[in-house]
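In the part that follows, the structures are each spelled out as structure tokens.
Presented sequentially are two complexes of chain A, the first with chain B as partner and the second with chain C.
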Partner chain A sequence: MIWYYLIRRLFLLSFVFFALTCFAFSLGYLFPGDPLVNFSGISQPDDELLPVLVQQYRLEQGYLQQYLAFLQRILQGDWGLSLASQQPVLHEIIRVFPATLELVSYALFISFVLGVPLGLIAAIKANHWTGRAISSIALLGYSLPIFWWALLMIMLFSIGLGWLPTSGRISVLYEIPVTTGFMLPDILMSGQTYWQAALQDAIRHLWLPAFVLATYPTTVMIRFTRDAMLSVWQQSYIKTARAKGLSRSQVLYRHGLRNAMLPVLRQLGLQFSTLVTLAMITELIFSWPGIGLWLLDSINQRNYPAIQGGLLVISSLVILVNILLDILYTLLNPLARKQVHG
Partner chain B sequence: MLKPSLKNAPLISLLCWLGTGCQPEMPAEVRSGLVYCSEGAPETFNPQLVTSGTTIDATSRQLFDRLLDIDPISGDFVPALATHWEVREDGLSYTFYLRPEVQFHTTDYFTPSRPLQASDVRFSFERIMQTEHPFHRIGGGDYPYFQTVDWGNRVSRIATPAENQVVFYLRQRDSSFLSNLATDFAVIHSAEYAEQLQQQHQPQRLDSHPIGTGPFRFREYRKDGFIRYYRHNDYWGTPSQLEQLVIDIEPNNAKRMARLLTHECDIIAYPRMSELELISQRPDIKVQQQSSLNVGFWAFNTSRPPFNDARVRRALAMAINRDAILQSVYFEQAQNASTLLPPSSWGHHPEIALPSYDPDAARQLLSEAGFPYGFAMTIWAMPVQRLYNPNATRMAEMMQADLARIGVRATIVSLEWNAFRRQLRLGEHDSVLLGWNADNTDPDNFFRPLLSCNGVESGTNRAMWCDPAFDALLGQALLTDDRSIRRSYYWAAQEYLAEHLPLLPLAHGKRFQAINARVGGITMNPYGGIDLSGAFLRQPEGAP
Partner chain C sequence: MAKFQWLQQKDELGPLSQLWHSFRQQHAAVLGLILFGFFALIAVFGPLITPYDPYLQNPDAVLLPPSWDDAGDVRYLLGTDDLGRDQFSRLIKGASYTFGIAFMTALGALLLGFLLGVLAGMSKGFRASAFNHVLDLALTIPSLLLAIIIVAILGPGLVNTIWAIMLALLPQFVHGIRNSILQQLEQDYVIAYRLDGANNWQILRYVILPNTWEQLTVLFSMALSTAILDIAALGFLGLGAQSPAAEWGLMVAEALDLIYLSPWSIALPGLLIFVAVLSVNLVSDGLRTAMRKRQES
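And then the complex of A and B:
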């Protein structure tokens, strides 16, 4: 049964990837300028190189052959050169991507740690003033425009109080060689004598952007946890459990929370694309050298091969996370497994 | 060794952060490092290949030395890599005696085996002049400054009679020769490094992984992120007090300012003029200013009608309210320009006045020239902020309104900076708002790049103005070393320009930089790039 479900999912996944690569491929023609330049990123191919490239990109053949060649290049890791730096696009993406993953995962961590307990409290004390306060704050956080919120935080904590830095991942005076691309492990592996101070500095840099980025998912988490908990609380099995004499906390953790978290997990997947968009804005404001900042710069510079590669990576990530969470949801929820056709 | 304390570190720092005002104890490498926040990324690490101020600021004075320098206060030549020099009586040969025991940088990609020799100087300049030189074409083969001063035709050859002697032979007298050698572009590279790169078949690294003799050595560059330099410990001059120098690249003005306020930057380039007054009130920030050898101007494309008619150019000049521009674009932080040369230059003609603001007379002049109903034109406004023009778009908008009063319909063109320069070079503009920063104190450095026929070819003469009579004046002025004779030629040149107006000088900007008050030792040059080697950091009170 479950295998059937997984195969269906994988089939869906491959179809979405097909559509995505089709779109990315057609961008080469939709962007202004020569498709050869848009694909290869070589701004002025000389006379020797030109026929080689035309051959390699199968530009003299039909669109289908070109698309297949494109697919082959993508799989082989030849994503063309960045027009701005003349470095391979894939290398640049690998260089900047860990910074984004790092920021997003810390933000998600914060939102879990804060959001779930707050949502629980809001559900349990739904009619108490604490519950109402949490719900209103969540609504407020949900509707804050992130760029405004980020600037406000910078004004307060960086410029006003002078506690936290405004930009980057670490003070540029610390020399941390790039090994994994994730800052905190890199510091631990750098072997610098000042690694403790560097770690402290990196955390100071992390605080503001992670907090700003966490605002939205935290409020989403609070709202979903609260709503899910409230509806679970109405279920008859909860009443039964209570009637059997289980304590309030036993019911809450063993029967309530686990069932309430399932829809939250599913929602999380749907919110992931919003989170990525917000991460890009956060990166721009805090000069965080991740893929969002890199992609926005590339758009500014009309760097077509980079835009193509960046879009491909980000949308694949969003799709992949969505489907993974969906599968996880199914595995955890026996009811959903029975509704594979639904 | 790390292991036992590793567990606690994040906890400690988190706790530390939660306690308010807990600043981390900074290690020595970080404490004695300076962060200079620049407005853009350098195009290359070889100053010979560019004229852009951003690249010069980042590279020239930090990594390299020249044969001689100019004293920023007196304007006299002072020894640098050459301890002294001799000029033959006919002015056709210059002999330089090199300083002994000058060491090149030792980095992880190059270890020099010998100190500076005459062959290094010869290599550095022959790369520019000899088209068949193995390094000439590397990096594009464009040496814009040297092309403008016609270096290839002026210097016939370079000889090295001894290891510490270099002789430059000139084809004709050139009184600006020493000034050219003292510019930020005339840097000395290592011939030994070049040889090594050739053997490794990586000649292009000469311009991306620089080796010089300057006060700092190259460490790393993360594109569009930052540049890291370390101190050159065997520097021949006074070694810098800074352990490291980081040039942090932040094109956004507001973010640069914010980083200065949070002390992430020690120095920021080009603070916004409208904010200067505000930040100068803070005790932790100093604003430095220096009148600088530069000029902002409005150049007409004289190769196109109707701008090839001097009456049209004069009429347009009269239509512009320059006082209003000085007020709302420069915030009064600049001097009104009357000629191309700033008043601090020795060649400045004090008695020249530009046509004054008079829209009625302008309209009349325009109908005399055959345009009673005006015409349509473009004003190209440069997209970047420069000393000589802090906000070209705003300026263009004001001019657009002024021009509308005499019936001229102006449209503003603004492109991305590289595309802008490329298309200007093709002469696609009607008029352009641009400017010039002097590279040395010689007046020739203003006239020749901006208005000579050579400047049209090398792409610095945006007025596309090629007038043999004017070129002859400039040529005459170079044939003697007598300053009073030279001055008379430059005065004549300025009078000639005031009559023909191929470009309208607008203002001479003052150079500003905002500095954290704990930084000392930054002196500003009236010309050329910033020199950070003298900088030092005052330790906070109470520290050992």
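And then the complex of A and C:
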């Protein structure tokens, strides 16, 4: 039964990837300019190169052949050159992508650690002032425009108090060799003599962007956890468990939280694409050298191969996270396993 | 607990009045509704009440702080920007841009999403399945990324970003409407009506629509808050409204170079975006609570 479900998901995944690559391929024609330039990133191919490229991209053949050639190049890792830097797009993405992943994962971590307990408190003390206060703060945080919030934080902590730096991942004083692309593990593995100072500096750079980016997912977690917990708390099995003599905390953990986290998990996937959008804006404001900043630069430079590559990578990430969460949800929830066809 | 409520007039009210009754009891939601109405009025009639032309530059009054500051000028209530344009007038004008256009965008997405959602909800088999898969794909592309791609194809500008935001909002509408229609189709009264000989159109018109409009309102209010945030964010990034438009997000971006000189010119437009989104969210939360209470009673 579960295998059948997994195969269905896999089929869905391949369909979505097919549609995504079709869309990315058609961008080569939709973007202004010559499709050959948009695909290859070579702005002025000379007379020798031109026939080779036309041959390689199968431009004189039909769209289907061109799409197949495109797919082949994507799988082989030939994503064209960036029009701005004339470097391979894939290399640039590999260089900037870990920074985004790092920022997003810290923000998600903060949102779990803060959001779930706060949401629980808000649900249990729904009519108490603590519950109301948490719900109100969550609503306020939910309504904040992130760029304004980031600027306010910069005005307060960087310009006003001077505690935290405003931009970048680490001070230029420290030279950290790139091994994984993730800053904190890289510093730990670097073996430099100043690694402790570098670590402190990197964490000081991390505070503001991670906190600003975490605001939205944290408030979303609070709201979802609270709503889910409120509806679970009215179920009869909670009353049964209480009547059997379990203590409040036992009921809360074994019967309440486990059931309440399921819908939260489900909603989380839908919120992930919003989180990526917010991460792109955060990166711009804090000059965090991630894929969002890179893409926003690319749009200003009309760097079409880079936009195409960025679309593929970011959408694939969101799709994968969605499908993984969906599978996780089905594995954890016996009720959902019955309805695999739905 | 269910109580006997024979003597209470509440039960004799229609569904809409019941909803309003429990909405009115939530003070925060009423406050949100008042703010929402205020923004809507400003967005429509704002251009008539601005003290100055929002684009008029006065070289003699550049970068004035708000009038309560010692260096402020009472003729410019909220000060001026770096070109000597009146902040107060620009902020009022911005309501038509950010709030008004977001409203139109969300409304357009609602209408289009409703059509597609009905088509998806009422169809079966392969068509419905293929539709779902396309929808899943559309839901995964982040709205900013979609806007970047549309801007890359069509070029920056307010109208192009409106299309981008509409496209980005569309999947959640289609999803929500489809789900509520499917939920309705499972109800016994739909089957009963079908047994009476009603066709698909009649079921949709007389049974499903009256039962889903509340869902539509909630979906719309959620989309509206997203639309305001997205328009402001795209304006801030320089992809949406272009200078000299008095769009709130763009105003924050233009004041970015002046962050040391005039922090208020960043704080004020952002505050308005925040309050506008907050008012929509308050109304949306209040509506949902009121709906839940009405269904429980």
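Basically, the second predicted complex is superposed on the first by the 342 of 342 C-alpha atoms of A that agree within 3 Å, B and C clash if a C-alpha of one lies under 4 Å from a C-alpha of the other, contacts with A are read in each partner's own complex, and residues count from 1 in each chain.
One rule holds for everything that comes next: a residue touches a chain if its C-beta (ideal position, glycine included) is under 8 Å from a C-beta of that chain, and two chains touch if they have at least 3 such contacts.
Quick caveat: nothing in here was measured; it's all calculated off a predicted structure.
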| item | value |
| --- | --- |
| Which superposed partner A:A107 touches (first chain B, second chain C, both, neither) | neither |
| Larger contact residue set on chain A - chain B or chain C | C |
| Which of chain B and chain C A:V251 touches, first, second, both or neither | neither |
| First, second, both or neither for A:I159, with chain B first and chain C second | both |
| Partner chain in contact with A:Y174 - chain B first, chain C second, else both or neither | first |
| Partner chain in contact with A:L311 - chain B first, chain C second, else both or neither | second |
| Which of chain B and chain C A:I319 touches, first, second, both or neither | second |
| Touched partner set for A:M183, first chain B, second chain C, both or neither | neither |
| Touched partner set for A:V212, first chain B, second chain C, both or neither | neither |
| Chain B versus chain C as contact partner of A:L90, first or second or both or neither | neither |
| On chain A, the residue positions that both chain B and chain C contact, one per complex | 154, 159 |
| Complex interface listing, chain A residues touching chain B | 85, 87, 154, 158-159, 162-168, 171-175, 184, 188, 193-197, 199-201, 203-204, 207, 287, 289, 297, 301 |
| Interface residues, chain C side, partner chain A - complex | 28, 133-134, 136-137, 139-145, 148-149, 151-153, 225, 229, 232-233, 236-239, 249, 252, 256, 259-260, 263, 266-267, 269-271, 273-274, 277-278, 281-282, 285 |
| Chain C partner contacts - residues on chain A that touch it in the complex | 12, 15-16, 19-20, 27, 30-32, 136, 139-140, 142-148, 151-152, 154-155, 159, 270, 273-274, 276-277, 280-281, 284, 295-296, 299-300, 302, 304, 307, 310-311, 314-315, 318-319, 322 |
| Of chain B, residues touching chain A in the complex | 2, 5-6, 9-10, 12-14, 16-17, 20-21, 24-27, 29-30, 33, 35, 219-220, 223-226, 228, 244, 246, 248, 250, 255, 258-259, 261-264, 416 |
